[in-house]
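The first chain written gets the first letter, and so on, giving A, B, C and D; residue counts start at 1 in each chain.
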Amino acid sequence: MLVIRPLQDTDLDDLYAMAQKAGKGLTTLPADRDLLQRKINLARETFNQRCAPEAGLYLFALEDTVTKKAVGISGIQARVGLDEVFYNYRLSVTVNASKELGVHVRTPTLHLSNDMTDTSEICSLLLSDEYQGGGNGLLLSRCRFMYLDEFHKHFSEKVFAEMRGVSDEQGLSPLWDALGSKFFDMEFTEADMLSGLGNKAFIAELMPKYPIYLPMLPDSARAVIGRVHGNTAPALKMLQAEGFNFNGMVDIFDGGPVVEAFVNTIRTVRDSRNRHAMVTRNAVNLDVPAAERVMVSNRSFRNFRVTTVPASCVGTDTISLSPAVAEALQIESGDPVRLAPLKDRGKWKAQRQR
Amino acid sequence: MLVIRPLQDTDLDDLYAMAQKAGKGLTTLPADRDLLQRKINLARETFNQRCAPEAGLYLFALEDTVTKKAVGISGIQARVGLDEVFYNYRLSVTVNASKELGVHVRTPTLHLSNDMTDTSEICSLLLSDEYQGGGNGLLLSRCRFMYLDEFHKHFSEKVFAEMRGVSDEQGLSPLWDALGSKFFDMEFTEADMLSGLGNKAFIAELMPKYPIYLPMLPDSARAVIGRVHGNTAPALKMLQAEGFNFNGMVDIFDGGPVVEAFVNTIRTVRDSRNRHAMVTRNAVNLDVPAAERVMVSNRSFRNFRVTTVPASCVGTDTISLSPAVAEALQIESGDPVRLAPLKDRGKWKAQRQR
Amino acid sequence: MWLVRPALLDDVNQILEIAGAAGSETARLSSTLPRQHEALAEKIEHSLASLAGKATAGGQPPRFLFVLEDTVTGRIHGTAGIDARAGNGQPFYNYRRDALIHASHELGISSRVDVLYPSHALTDHTLLCSFSITPELRNTEAFELLSRARILFIAGHRDWFAQHITVEIQGVQLADGGVPFWDSLGRHFFNMDFETADQHSGVLSRTFIAELMPPNPIYVTLLSEAAQAALGQPHELTVPNLELLQREGFQAGCYLDIFDAGPVLEARTDALHTLVTSRSKTLHGASEEGGDTCLISAGEGAGFRCTLAPVADTLEGTLKVPVSIWELLDKTAGDEVRVAPC
Amino acid sequence: MWLVRPALLDDVNQILEIAGAAGSETARLSSTLPRQHEALAEKIEHSLASLAGKATAGGQPPRFLFVLEDTVTGRIHGTAGIDARAGNGQPFYNYRRDALIHASHELGISSRVDVLYPSHALTDHTLLCSFSITPELRNTEAFELLSRARILFIAGHRDWFAQHITVEIQGVQLADGGVPFWDSLGRHFFNMDFETADQHSGVLSRTFIAELMPPNPIYVTLLSEAAQAALGQPHELTVPNLELLQREGFQAGCYLDIFDAGPVLEARTDALHTLVTSRSKTLHGASEEGGDTCLISAGEGAGFRCTLAPVADTLEGTLKVPVSIWELLDKTAGDEVRVAPC
């Protein structure tokens, strides 16, 4: 069984291994043991409410209960831009027009912006290759919406995700080549890494402060602004299905888009329902397709756990859970749980809505 | 009976009288006969599809069928910023932080923006004093959402409204005094008038192009940024009830907020239903409170007409209309009509939804 | 003989021939000279009003236009202008090139970031402009006469002009007509080719520049390489003119033309070489054509004339000049003239 | 006798007394002089390394600190510094004041809009800095000695310094310690009072300025009236120093201090009055104390000394100076000294 739970100290080795495999794409989880340990520590402080709520970093592990290994991670940053200044480009339009000459020109323009400051970010999603498919990625991602909904007072009304922008096999980014590299005398990967490590003073120091007019960039760079990396396209699609929309912000390095949604309009949140757990020994075939599964959370702040069960387990007021699932969720009969469909237009949801 | 219909040539005198009474607040409808005639002409071209769709200005009159007088007006501009450059300030945040010094400062900042360019605007709402109350203002405003919905291909996905900002009895605006007046050597009312007359070249010429840091403005000016004039508060409330939200843009002169919504999420649009007209001579008491009325439109592009009838007239597939109403809507039995509640949580809507 | 005198309305057709055929090399070098009959006639009328010391409609500051005439044939071979106040009552646009230093203490990185700031700092300086000459006269003494006659005019009417004086030198343009700086920057915002924009700037109100120019500073590093290379570089055809102006005391500063990034030269008016070295003298006859060739000017306002003549100076402050020159200058013995060495 | 010599580590405590008590008038006038023992000691060590011609850790450019010593009491009464390269390898921040002209052709309106642009244009100029003197010595010859001794040092070590030289003059500060320009602008972004920011800028890396300074140009018209009035105005206490520097040839240009908007003076190093008028001479004894009082300096690097002495010039290029002065300069007959008139 796969279960979501707070990241813990013993996950360091697994996490490091995952980060190493993931390579350069994932700047918020570089393969750096010290940094990963610091993240684990911060997550522990966060779940135990020993740090300021706005400084919280909520990191969840996906654990294979058989091997006891962490096979995935995902996270929520309570507020961005507090410790380090958070930069994006806002993709805006400059209109110049002269009636006298009958000229009307629109110039797409990038404005340096800190406007995402104080907003909650969903981040750090990583899943082991061996566990890809079968809805595991959905669980890892969507469990966060259940958490955001459950504990919405700890988060902003709106949440966002930064999507990885376009780069080639060598990790070269067309936008970086055309823009960043002219101002930062370093490699894209180095800049991205420094930024991921939380060392952002250099951005304030080196970043161009005036707007960038896009017609002055080559086609190759303009073409990738607001576009996601091929590998990230499925993640973007998933978020769009949840109701996330491009908000006009792009990454300052690779031009990847920022998508955002109001928490209360996220599909997982809207489709969530409360039930009480009923632990039963009736045999249930747990091995059903993702479309027929629902996520079940134990609604705990400190020890948030989520797993999936067949939609057929859901009753009017209760949900039938096997002892193993109950144990994984650390609940007993009668405890409140919260459900949400694992997939869009999942079976359970369809049943509920008509 | 009061009925919404396209503005027409014969409305000029009524319109001019209304504009004169309204005074300085309404910059898009100044008391200028030539300008008003030009607007009427443009509206006629628009409804007759004789101008480019994006240049369209859809103006509706509220006619008292007894006196045959126009007693109100409201409009939709198909796209802003095409003929004249459309300016707003975007209320943004600049974050400056130094780890070394433990300083973290957020500075609200106004950035000159043309980002509303190409968006549809609802505008020009004006209702005679004698007709205030009884839901007439709602009809005048909301009929536009029915039109937007019906003919959404002619408009942008998102629509917005500029709300009048704070000014005192003398028409003095605190933001203008602190900001605009330093750059425009003229009175607020003059600038506002010039802008309303469509003479906007002076804005490009005189406007400060660099961002304005709000801490440099006096408290009185900062206090009104994004706030509406007392007289406009009810209109704002109405739009918020429809699902419009402040989008971070403010008026460059008085700081009034811009609110926007996706057409398909506007309450009037979501609550609209189709019926067929059934003209009947059964006596119906037309004089019911606004909360018990529904708007009925004839769904015509060129000759769009809307009036209100009691919710009790609505049947499962049809709506019973008196011959007088049918005549006002210029429809016959069997013609398709579209309904929407006049008020939020109006009776009819409540009936339909549960 | 070559004579520089104020342009007259009768000169319009001949000037149009010089400024004329679009795309000709001459034309390219004189963007502030209109190519339309009506606009040119207006410009000449404005010049005549300015020479008469008359205020003009709209309160425009004085602008002067002179022509180079071959007195033998009566034909006109060139034009040269002065705007008393650059911008003519409106902003005069330039880019100001400045550098920011982007340095990261922690990373030990420091780089120079060149920025072009929109600037109006040269507004109301006196501006030399509208210079055009037929190609065969380049690098001749007529060329020098035409250019420097303006300084003698300024010397004789010093009160009409500002303390600082400016001249825009045409920037790099390729053989195919392409202007690298324009193609990399202005074209995107003005949505027209360089020739069109350049002509507009000479003829129209400059409102269109405020309306169409990018409102924020420009990072040089984002310009095309060709555009970067062209910053502050003169068009090769202007090199003789540039050298002449440098001898006059003009120097390139940090300002660039907004259309082609050509250098903008600046000088203190009172330090101009021709002005400093010119002297007022009393005209006398010379029996023989002796002495060094000098610039010699005379006359006020519309009566201004300037030519080249062999001049013999005397100790008494009088000037011996061939009588043929008297006629050219419309002066006679005992009249005051101004002379400057070549 | 007053002697200017390089600061030594032993001087730290005495210098702290001068720079000392926060809020004292002296202290306010020397923002680049650290008030912490350790920071000051480091600054002196850097100066000593620079005097020895040694490269320093981190490759920082040379910086020099001199003191004014009363040779009778051995007490120190003032300090004066030179940074060979303003910014010391990092950007040197100023505001550049420039005007845009906002004009509407159609409305017939034209107004001048002053803008403060962040600028690093003075980075790597040589900078005179860290000037402090005990109040009773203001307007005395010791004051002049301390300030001008630096120019003689530059004259004697010309290769170490840049072509252009700059000095920041403290701007307007009210009796209550308020700085109008800071209170209208910087305070909002740095979230600290003027004293604190000013001290940081002397001691810390200037990274914090890049991090905290508003990234866009500032419209002057939006500053408070008091701040607008303070632009480019010197603090009244600095007026004697300002006048002294103006006599040296320094002129205020368009640059302002980013914290208090005090004027930034500029000069060409080779045109500094003291440098131009100074002469290398050979030292000789004088039997009597005759002649005009002059600045006289000698010695290289750490051996640099400068004092005031009555000097009698001879036709042979030798200099008659009282023997007591020889000792002060650590020189003897036949050695080379540099002298400049007072």
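The criterion applied here is as follows: a residue touches a chain if its C-beta (ideal position, glycine included) is under 8 Å from a C-beta of that chain, and two chains touch if they have at least 3 such contacts.
Just so it is clear, the model here is predicted, and its values are computed rather than measured.
Visitor: Let me check something: if the centre of a chain is the mean of its CA atoms, which chain is farthest from chain C?
Guide: Greatest centre separation from chain C goes to chain A.
Visitor: Taking contacts as defined above, which has more of them, B-D or B-C?
Guide: Between the chain pairs B-D and B-C, B-D carries more contacts.
Visitor: Distance between chain B and chain D based on Cα centroids, please, to the nearest Å.
Guide: 62
Visitor: Taking the mean of the C-alpha atoms as each chain's centre, how many Å separate chain A from chain D?
Guide: The separation of the two C-alpha centroids amounts to 54 Å.
Visitor: If you average the Cα atoms of chain A and of chain B to get two centres, how far apart are those centres in Å?
Guide: 38
Visitor: For chain A, jot down the residues that touch at least 2 other chains.
Guide: Within chain A, the residues that touch at least two other chains are 85, 94, 96-98, 201, 204-205, 210.
Visitor: Which positions in chain C touch two or more other chains at once?
Guide: Expected reply: 102-106, 205, 207, 210-211, 215-216.
Visitor: Which residues of chain A touch chain B in the complex?
Guide: Chain A reaches chain B through residues 81-82, 84-86, 90, 92-99, 104, 106, 111, 113-115, 117, 201, 204, 248.
Visitor: Which bits of chain D are touching chain C when the two form their complex?
Guide: 87, 89-91, 96, 98-106, 110, 117-121, 123, 205-207, 210
Visitor: In the complex, go through chain C and note every residue touching chain A.
Guide: 102-107, 109, 111, 113, 115, 184-185, 188-192, 200, 204-205, 207-208, 211-219, 221-223
Visitor: In their complex, what parts of chain B are in touch with chain D?
Guide: Of all residues in chain B, those touching chain D are 94, 96-98, 100-101, 103, 105, 107, 179, 182-186, 194, 199, 201-202, 205-208, 210-213, 215-217.
Visitor: So in the complex, the part of chain B that touches chain C is made up of which residues?
Guide: Answer in residue numbers: 85, 112, 201, 204-205, 209-210.
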